[in-house]
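Below, chain A partners chain B and then partners chain C, in two separate complexes.
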Partner chain A sequence: MMRRALVTALTMLGLGCIALLALLSVARRWPWPAVVPVGLQVRQWREVLDPASGVGGAALRSSIMAVTVAALATLGGFVTSRGVARHPQRHRLLMMLNLPFAVSPVVLGVSLSYFFLRFDLAGHAAGVVIAQFIVAYAYAVILLSGFWNPEVAALIELAVTFGADRVQVWRRVLLPLARPLLVLCLLQTFLISWFDYALTLVVGAGRVSTLTTALYQYFGSGDLRLAATCALLLLAPPLAAIALHQRLASAAVAAQWEA
Partner chain B sequence: MDQIEPEFRVQNIAVRLGGDLIFDAVSLAAEARTTLAVIGASGSGKTTLLRAIAGLVPIARGSIHLGGRRVDALPPNRRNIVYLNQEPLLFPHLDLFDNMAFGLRLRKVADADVRGRVDALIGSLELDGLGGRFPHALSGGQRQRAAFGRALAVEPAMLLLDEPFSNLDPRTRASMQLLFKRVSRERGISAIFVTHDLKESLQIGDRFAVLRDGRLRVFGDRAAFCRDPSSGVAREAQYWSEVATPVAGGSVRSGREQAAGMVEPLTHREDDHDDE
Partner chain C sequence: MSSTAEHRASDRWAVLAVGLVAAPLAAGLVFMVLYSLGVVGMLADGFTLLHWARVLGDARTWITLGFSVWVGAASMAASLGLALALHAAFGAGARERESESVGLWYAPLAVPPLVAALFSVTVLGSAGLLSRLAHAFGWIASPREFPSPVYSRSGAGIVITHVALVTPFLVLLFERLARNERLACLAETARTLGATAAQTWMRVRLPVLMRAATPALCVYFLALTGALEVPLLVGAQYPPMISVAIERRFSQFDISTRPEAYALATLYAVLSAAVLLSVFSVRRKRERRERGA
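Showing the complex of A and B:
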């Protein structure tokens, strides 16, 4: 009962925020203390979507960077998590993997900057991708190390005694078993990159424009309606991905129970 | 009398795990299409013996021959020896049919053949109508039958069963024992069946062995096994005969009272698990 109330409250809060942003993005004016905007217009959308604004390019760059980070971190994290889970010092290794989350992203970015400057990666999208990858990869290893439990080890042994070679074990056992967790990891690491601001700002040295930096620029300019429009663009892909993930997960569970 | 060359031979194998010698100089031989029942208490090394034969743990020395060729140097996926765990491990992402077809698909058997063989097994194992169910929607007995069927489907040269019925309730366990006996005879299965349950070993086995303190003793026939004190059959028989014998005063001694006089029984409670 309590849990349901909490979930309902959080859902309402989230939907309320999105509704507020949507109203701001089409508001002509919204003077205090009016409850709703005075007049509607699409000028904000026209301005944000205008190629001259650079938001479209920033969104494309954000997408490419987030997809790259998510794919590399999930793939690398899955392989690494197997080694970590089997390592005699796995608890220590997992604790070390938490380090990127123990410090502020700005501090992490500053500490990485020396190396990025040295290798001429500062101020480039590739440098930002590498910086985001470090955080996303650590997250992926932590998330996926839970997959390698004794039951999975027993299933691997079972498949091997049935004649499975290394490739067949991965293709027919590990990847299908891990698929829900891998999809979740892809989504989460995508979001780490997609919403990142601090690393982009520090490592990108202000020269790498993404949707989050564009949003902060609009926010800094004082035009809340433009910032709200940009925020909606920033929210759209993650919301769509989460909805799709939920739908696929529900469909999979339903299919299993129907069978 | 003709000497039959054993289908399966283990010679003087030793296994060390983490520096501990689990067993040393274990030898056994088994003919084709028979079941060797190996009985031993928890911690006696039964599971390790099967895992060593399957290639899942390395042997420190000795040799394993199957069907006339040495297999101990081969990786587990090339031995054609299937090891069935205590738990009826089914792949949770596959339904019952696909679980049973798993080994055949690894061997790239044609789909029509897979369908025919798995359907026949489903019928033989009394799993009709359950082919589309996922493991979580099956009972313990159904899961165990599906795991058994999956092993039978690939026609292994040797089937290793590690207390496969130990987690089932007594009734399901009894029916699984009968089913195993019937199907293994029908299909000519060569198997090693380890258990800590004396009655189960007598029900399942064609030949018998006792594993104790890292030593394996194989008996020539059922009578020799039953006669030998190490098998525990004589103790068990004595126990049951005394249970029904009235003592002075007209009462019948309880099984617990009599069991207190027994020395180190090999049989365990139903809920005992071998966690080697």
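Showing the complex of A and C:
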């Protein structure tokens, strides 16, 4: 009974937050102490979706960057995580892979800024993608190294015993087995890039516009209604993806810490 | 493929994996040290300890570091307490099956820190929703009378926002760890042996969960201490958190503060790496000792 009440309360709280943002995004005026907006309008949405605002371009850039980072990190992470999982110094290697999360993303961006400048990557989306890749790839290896357990090793051995070659082992055994974890990894690494603001700010040097930088600019200019509109655009893809993969994700969250 | 060749290939992949992450970090650290010592960079005038002396001798450096650790620790402690309470309420009864309430915790994972900070401002700000409701109930007459935690020098707004962001992650982590460690069976055994509900929690559930979660909690603590977005939007101008202080010094128009930004960044990188390495090493040693025993 209490558990159900708590679930209902938390669900209402979550929906309330989304509703508040939605209301703010269509508010004409919302002066203090009004509890609800004074009039509604779609001007904020028109302004944000207007090509002149640059938000559409920023959203497209964010999407391309996040998809690129997720694909590269998951692919690279899957191939190399096996080596990490089977290494005698596995714990030490995993500890080192946690370093990008321990040092702040700002420190990471600042420390790499010279190299990005030297290779003409500072202020370019490619530079931001490379910086985000370092973090996303580390996450992918940590997450996927949990996949290479003794059961998987036994299955590989069994497949080889039955005459499977290396390609067949990957195609027929490993990929189908790892699919749920790979999808989760794609989603999580996508979110690492999609949510990123610090690396985009430091490595992008204010010249790479993404949805997060657009939201910060609206917030900084003091227009919370436009910031809320932008925030809804930022929330939509991950909410949709998480709703789709909720069940899948539940089987693997924290798998990285088992390692 | 022979076993030796397979191991060699495996080693190569492991080296590549760590190299892709550790090499840029190491190169960046070396560069920051050299820049802050005046050896490289646009402002290089030969070896000097001046920038380090300025950073280490400035009381604001230690206030910033102390404030960041306080915010990180307070956020972590509050999130941990709340997550354990929610785990007790939702997940502790679940055995090997998936708890039906787990799905609830995934939705907040879709909220980026910037959006969470925006929520905080619109709800907890002095002109936010709670302030308006307080006025509607007749408790306050103007926004200034509302005790808003946003932009407060205590960092309360940052802590509240961090707690809202991190708690769902921790609930999911505990849910998973409880299943992996077969916590329900352990608790049932303890109860069968005569332990009370409180003893089962304090002597079985809590130690097992905390022990399994220590590395993750350490990483979360460091991530919160070095957070940028929430302090930038919800924090007071002074004291800044460490990432905000580094970013401000780094992106100033006057580039003369850049060596100090690198010194501060180096100091924080070394400290946070040392904390991480210590926690992982202690855990590893304890595991080895227990295996030996």
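To be clear about the criterion, the second predicted complex is superposed on the first by the 233 of 259 C-alpha atoms of A that agree within 3 Å, B and C clash if a C-alpha of one lies under 4 Å from a C-alpha of the other, contacts with A are read in each partner's own complex, and residues count from 1 in each chain.
Here, a residue touches a chain if its C-beta (ideal position, glycine included) is under 8 Å from a C-beta of that chain, and two chains touch if they have at least 3 such contacts.
Note that this is a predicted model, so its numbers are computed, not measured.
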Combined model on chain A where chain B meets chain C, clash or fit: fit
Contacts of A:Ala154 with chain B and chain C, given as first, second, both or neither: first
First (chain B), second (chain C), both or neither touched by A:Met12: neither
Which superposed partner A:Ser111 touches (first chain B, second chain C, both, neither): second
Touched partner set for A:Val38, first chain B, second chain C, both or neither: neither
Which partner reaches more residues of chain A (counting touched residues only), chain B or chain C: C
Chain B versus chain C as contact partner of A:Leu177, first or second or both or neither: first
Angle at the Cα centre of chain A, taken between the Cα centres of chain B and chain C once the superposition is applied, in steps of 10 degrees: 90
First, second, both or neither for A:Phe162, with chain B first and chain C second: first
Per-pair minimum CA distance [chain C against chain B, superposed on A] in Å: 7
Shared contact residues on chain A - chain B and chain C: 257
Complex interface listing, chain C residues touching chain A: 1, 7, 9-18, 20-22, 24-25, 27-29, 31-32, 35, 40-41, 86, 89-90, 98, 101-104, 106-115, 118-119, 121-123, 127, 129, 131-133, 135-136, 143, 172-173, 175-177, 180, 212-213, 215-216, 219, 222-223, 225-229, 232-233, 242-243, 246-247, 250-251, 261-262, 265, 268-269, 272-273, 275-277, 280, 284
Chain A to chain C touching residues, read off their complex: 2-3, 6-7, 10-11, 14, 17, 20-21, 24, 32-35, 76-77, 79-84, 86-87, 89, 91-93, 95-108, 110-115, 134, 137-138, 141, 166, 191, 194-195, 197-198, 201-202, 212, 215-216, 219, 224, 227-228, 231, 234-235, 238-239, 241-242, 246-247, 249-250, 253-255, 257-258
Residues of chain B that touch chain A when the two form their complex: 54-56, 75-83, 85, 87, 89, 91-95, 102-103, 105-107, 132-134, 136-137, 150, 154
Residues of chain A defined as touching chain B within the complex: 151, 154-155, 157-165, 168, 172-173, 176-177, 179, 256-257, 259
